[in-house]
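Pasting a structure here, questions to come.
The first chain written gets the first letter, and so on, giving A, B, C and D; residue counts start at 1 in each chain.
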Amino acid sequence: MTGNAIRIGILGASGYTGAELLRLLLRHPAAEIRLLTAERQAGKDMAEVFPQLAGQGLPRLIKIEEADFSALDMVFCALPHGTTQEVIAALPGDLKVVDLSADFRLADTATYARWYGREHQAPELQKEAVYGLTELAREAVGKARLVANPGCYPTPCQLALVPLIEAGAIEPDQIVIDAKSGVTGAGRGLKEASLYAEVGEGIHAYALAGHRHAPEIEQGLSAAAGRPVTVNFTPHLMPMNRGILETIYVKLAHGGEAGGLREILARRYAEEPFVTLLPEGAAPATRHVRGTNLCQLAVFPDRRPGHAVLVGVEDNLVKGASGQAVQNMNLMTEQPETAGLDQLALFP
Amino acid sequence: MTGNAIRIGILGASGYTGAELLRLLLRHPAAEIRLLTAERQAGKDMAEVFPQLAGQGLPRLIKIEEADFSALDMVFCALPHGTTQEVIAALPGDLKVVDLSADFRLADTATYARWYGREHQAPELQKEAVYGLTELAREAVGKARLVANPGCYPTPCQLALVPLIEAGAIEPDQIVIDAKSGVTGAGRGLKEASLYAEVGEGIHAYALAGHRHAPEIEQGLSAAAGRPVTVNFTPHLMPMNRGILETIYVKLAHGGEAGGLREILARRYAEEPFVTLLPEGAAPATRHVRGTNLCQLAVFPDRRPGHAVLVGVEDNLVKGASGQAVQNMNLMTEQPETAGLDQLALFP
Amino acid sequence: MTGNAIRIGILGASGYTGAELLRLLLRHPAAEIRLLTAERQAGKDMAEVFPQLAGQGLPRLIKIEEADFSALDMVFCALPHGTTQEVIAALPGDLKVVDLSADFRLADTATYARWYGREHQAPELQKEAVYGLTELAREAVGKARLVANPGCYPTPCQLALVPLIEAGAIEPDQIVIDAKSGVTGAGRGLKEASLYAEVGEGIHAYALAGHRHAPEIEQGLSAAAGRPVTVNFTPHLMPMNRGILETIYVKLAHGGEAGGLREILARRYAEEPFVTLLPEGAAPATRHVRGTNLCQLAVFPDRRPGHAVLVGVEDNLVKGASGQAVQNMNLMTEQPETAGLDQLALFP
Amino acid sequence: MTGNAIRIGILGASGYTGAELLRLLLRHPAAEIRLLTAERQAGKDMAEVFPQLAGQGLPRLIKIEEADFSALDMVFCALPHGTTQEVIAALPGDLKVVDLSADFRLADTATYARWYGREHQAPELQKEAVYGLTELAREAVGKARLVANPGCYPTPCQLALVPLIEAGAIEPDQIVIDAKSGVTGAGRGLKEASLYAEVGEGIHAYALAGHRHAPEIEQGLSAAAGRPVTVNFTPHLMPMNRGILETIYVKLAHGGEAGGLREILARRYAEEPFVTLLPEGAAPATRHVRGTNLCQLAVFPDRRPGHAVLVGVEDNLVKGASGQAVQNMNLMTEQPETAGLDQLALFP
C-alpha cells in the first residue's frame, strides 16, 4: 500500500457490518486497515472473532479508549445505536467519519428523541451530518466530514420513491412499503428472536406499531414532497442470512400509468453503477444481488386502476450498510465511486 | 374401523397435498383409506413414494382407470388443474367429492376460461360445486356433494376480509394483499423454480401480472360487497417448506378505526375452532400454526390515518389445502367438524 | 379428564423440550398438566412464552419454590444440567420423576465429575436412577421412580449398537459415530453459536476434543460389551430445526457380513412400535421422522471388506428427548407405552 | 482487455458451475469470455438464464455445433457426464481444455466402464488428460492441454490424505470419509431429490452402495500408497446451497499421533495460497470458505488410541469445481496461479 492509501479505523468491528466492511476494504485498491476496536472482544485476534478473516494481516482488536486516531484518515463507526454520539463527538475534528448507526440519520432532534427515547447528545454534529444515500446526495457526501449511512430498510424504498415523488408522479400519502428481511439485519447481538430455531421455517411481521426506520424513510420522502409525509412501513423477518426485498404499493397521480414511473426511474438511474431498473416484466430477487452493492428496482402495473407496484432488492449488509459506507468513503476521499465494489452476486 | 367408517379414495395421492391428506386421515377416528391413485407412480407401494407413510397398511397406488369407486363414500381429488373436470364428471353421481384443484373454484365460466386459457369441460358440475371456505359456507358445505376446496392463498385473506366488507367497515377497492409462501404451495412437480438452490437464501415476488388466485379472492370479496371488486394480490416465494403469511393493507370506511375491525372479527370468529383472532399487539407467525388447521388473524393500526393492517397466517398444506378438505369432509359426512384436526403446532 | 388422570408438573417448561412435552401431553389421553415452572419467565402466561400453546388451558408459569408438589403424580424435569440434582433431591420421595437433563445419566460418580467438572450433589439418587433408553431398559423403567432420560445423540447409536455388541457381531473398539444435528439440540439459551446467521447455509463439527454425550454412549456400549469401550463420537451442527442423523462405521467380528447385522436388529426390534429397521437399500432421512417418536435404522455394506455402515435417525426433540420421556412415563404409570405418541411425520 | 487476454469459451454455461465460472472469469484480470453454449437454452441472452449476470456484456448462448473455436485459447467444458468425451474429441487439437465433467478423471478405462456403465468413447484422450488437483499436480497441469478437473467430493479428502499416505503416517485401508454437501453439487437438472421441499429441514445419506466419486478418490490414494486402496466414502445431502465438509477418520501407522499428521500437512501446505491448515483446536466451517477457492483442513485426536480425525471444507462450486478450474487455467496459460481467485468468504 502506498503513501496515498486511505488509513482506516473501524469502531465496533466484531459485528456483521464490521466483518462486511473488512471483506470489502481488504480488497479495496486504496484502503489500509489500521485500527479495529471491539469493546467486549478487545485483545483478541480478528481470526478468533471471524475465522474467515484469518491470515489477512489485520490489527488486533482494542478498546476505543486505547485507540490512536492521529494516524487515520477515515473512521467507520459500526457501534450500537445510542452509544455512537459521544464516541464521534470525542474524535479529532478533522477525521472523516462514516457512521453506520442510526444516531445521525434523523436531522430533526425532536423526531430523534421521540423514536429513540432520549435527547440527542451531539446536536451540533447532527446538524453537520450528511445523510449518505449516495445516489440522492452525491455532491453533499463528497464534501462531508461526517456521513450518516442510511439504514438497510430505508435504502431501496427511498431510491425507488424519491424520484417519483419529486416528479409528482405518485401520491405521497398513499404509500405502503412491505419489507422482507434476512436475519443479519438484526445484528450479531444475543436475542431470542435471532436464534436459528426461532427464525428457521417461518416468517412473521414485527414492529407493526412503528419501526425506527419509518421516520428515516419519511424524512426522505417528506423532503422530496416538500411537506410532511406519513407512510406505512411493515417489516418482516424471514429465514435467510442476507437480503431485503421491498414491495411498494403506490397510487398514481394525475391519471398516470406504471409505465410512466418506469420512465422516471430509467432516466434517473441510467448512469448509476449500483442502481438498476430491471427490464419490463422481470422481477427482482434478493439472490441476484447477494454480496453486491446493487439495488435492483422494477415497476409493475397494479390490477387496481390508478395504482402501481414497485419492487426493490438489496443485500442489507452491502448496499444496505457496509457497501454503501465504502461507496460514501470513496466519494469523501476522491476515489472512484465504484472502487472495491465490483463484486458479482454469489448465486446460488 | 367399524361399519360406520367413511370409505375414502384419494385421486392423485403422490403429491404433497395427497401425503398431507394421508397424514391427517390415518389418524382420523372415522376415516378408512380404501383407494389411492397416481398416474406415473401406479403400481408402487406408498412407502416408495412417501417413506414416512410406510407400515400404515395403505393400499397400493393404482391408475384411475383401474379404480373401483363403488365401495367408496368419499373421494378427495388432488389432481393437477385442468385434468380434474373430466375425472370428476366421470365419477358415480352419488359419490361425495372434495376437489383440491382449482377446477371448480370459479363459479363464472367466462372467468375460468380467461384465467385458465380453456373452456370449462364440466360447466354443470361447476354450477353444482360449493366453494368450501368452511367458516364462510358451513351450511352449504354440509349439504354439498361436490366441494371446491379453496386455494391456499385465498383462505386467510377471505377469512380476514369478507366479514369486514360485509360489515361495510373497509373500502373494497383499496385492498392490497401481500402474500409470502413456503415452497410446498408449488407442489411436487419438477420445475427449476422449485429447486432448493433457486429458493434457498432468497425471496422474490412472482406472478406480478396476475396470479390465478386473484380472481378466486375477488369472487369472494365481490360477493361480500355485492358488486365487482378488484384487489392487489402479490405473492412471494420464500425459503421454507410450509406456511403462508398475508399482510393485508386496507382503507377504513366512514372514519372507522382498526379497533373496529378487531371487534367485527372477534365477534365473527369467537366460536370458531380453527380461526383465531390474536390478542391486541400480538403478531401472527407461520411457525405457530405449522402442521395445524388453524388460521390466525390480527389487526393493527396503520401509521397512515384511516387505514389498517391485517395479518393472517396458515399452514398452506393444512388449512390451505388438505386440512380444510378434511374439515369439509367432516361436515359432508356428519362427523364432528374438528375430527382428526386437533394437532398442535410443531414448533420449532 | 377422569380421576385416573396422571397429574403432571413440568419443571423448566419454557425451553424447547418443555414445549415439546406440552405438545405431546396436551394430546395424551391420560395426562393432566397441573404445574409449570420457569425461573426467569415466572408469572407469565404460557401464551407469552410459546404463542402456539395459547388457548390450551395451561396453568401460569411459576417459580419452583412456589410449587405445590403434593397434588402431582409425575414430574418432568427439563432444567439445565447441574441445577437439577438439588431440585430433584428436594422433591417428595414418592413423586415419580423423568429427568431430561444429563444429571443422572452417568451411573459412575467419578465419570460424572470428570466430564461435568463438579462433584455430584445427589449420589444416592444417582444410584437409584434408571437410565431410560426405553427399548433397552423397559422392565427397569416400569419399576423406576426416577428415570434419567437419555441424551439426544446417545439414543439412535445405542439402539443400533447395543444389540450388535451383545451378539458379538462387531468390534466394540472400532466404532465411529458421525452425528449431524439440527439446532434445537442446543436449547433455547442465548449463545452466539445458535444465532440464525451463524448456522444458516453452513455446517461444522464441534466438541471434537470430547462431547459430554461420549461417556454416556460408552457407558451403554461398555455394559453391552462387558468391558470398557471407547468410541469416536463426532457431532456436527447443521441448519435445520429438528433431527439427528448418525452414520456409524463398524468393524465386523468373526468374518461377519452386513446382512448379519441386519438380522440381529430385525429380530431385536421386530415388535417395537418406535424402532424400525428399514428395508434393505433404503436410507433413513430425518424428515421422515420429524415430529414422531420413531428411531429408524438401516444397515449397509461398507466398500472396505469386513466393515459395515449403520444409519440411524430420530427427531431430537421427540425420541431424543420429550417423546422418549412420555414413553417412559407411560411405562411408569401403567399406560399403554404408545399412548400420546402416534403422530405421523410432518413432511415436508 | 488487451491482445494478451485469454480468449475463453464455456460449453454448458447454463448450469451452476457455468455460472460460477462466469462469476470468477468476469473479474479475472486476463480472461475474455468469447463463447457460451447451452443446448436447450441456445438463443437466449445470459440474463434470461442467470439474471445476476445481466449487463456484463456476455455473448448470447448458442449450440455447440454453431461454435467457432478458431478464435479461442481455452475452453471450459461444463457438460453432463457421458456427453463430454465426443465433444472434446471433436475440438481443435491445440485448444486448451479444462473439463469439469467426470469423463476424463479416471485414468483406467475398465474402472470408467464399470462405474459409468459404458465404454469410454475417447480412450486416447483419457490417457492424455491430466488429473487437475492443482496442489498435487501443479507441474503436470502447467504442461497439460487437457485437464480433468477433480470432482467436488474428491478434492478436500485427497488434499488431506495424499500427503499422509505418502509419508506412511496412516493406514490406507482404514479410511472413512463422511461427507456432507450442499445442494448445488447435484447441479441444476430437474430431479425430485433436488426440490426445496425434499431437502429443506432434513438430512440423509445417499449412494451408500457406492458413489462415483469413490473410485476417483481411490485412484488418488492408491497412487499415493503405491498399491490399490479401498475407502469408505459416504456422502450426505443437507439443506444449504454451497459447501462440502468432510470428516475423515484414519488409523495412525507405527504408533503415530495426531500431532504428527498436523506436522506433515503443515509442511506440505505452508506455501499454498488455497490450502490452509487451521490452528490446533480450530474446527473448519463451510461458511468460512463460502465463495472462495480455499480448502481448509484440521487435524484432531480421536478418543480411540491410535486414530485421528481430519476435517476438510471447501465451497463445492469454487475449489470443488469452477475455482479450481480457473486455478488450472492460470497454470496452463502462465498466469499467476491466484489470478481472479482472491475473494474473501461471504459470511454470513
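Just so it is clear, a contact is a pair of C-beta atoms (placed from the backbone, for glycine too) under 8 Å apart; a residue touches a chain by one contact, two chains touch by 3 or more.
It should be emphasised that the depicted structure is a prediction, and the values quoted were computed from it without experimental measurement.
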Inset, instruction - Chains touching chain B and chain D alike, please list them. - result: A, C
Inset, instruction - Could you pull out the chain whose C-alpha mean position is farthest off from that of chain A? - result: C
Inset, instruction - Would you mind telling me which chain pair, A-B or A-D, is linked by more contacting C-beta pairs? - result: A-B
Inset, instruction - Determine the centre-to-centre distance between chain A and chain B, using the mean Cα coordinates as centres, and give it in whole Å. - result: 39
Legend entry - Centre-of-Cα separation between chain D and chain A, whole angstrom: 36
Legend entry - Where chain A touches two or more other chains at once, by residue number: 16, 183-184, 197-198, 200-201, 239-242, 285, 287, 290, 348
Legend entry - Contact footprint of chain C on chain B as seen in their complex: 16, 19, 22-23, 26-27, 47, 50-56, 183-184, 200-201, 241-242, 276, 278-279, 282, 285, 287-291, 342-348
Legend entry - Contacting residues of chain A [partner chain B, same complex]: 173-174, 176, 178, 180, 182, 197-198, 200-206, 208-210, 214, 230-234, 236, 238-243, 245, 247, 249, 281, 283-287, 290, 300-305, 307, 309, 311, 313, 348
Legend entry - chain D partner contacts - residues on chain B that touch it in the complex: 16, 183-184, 188, 190-192, 194-201, 239-241
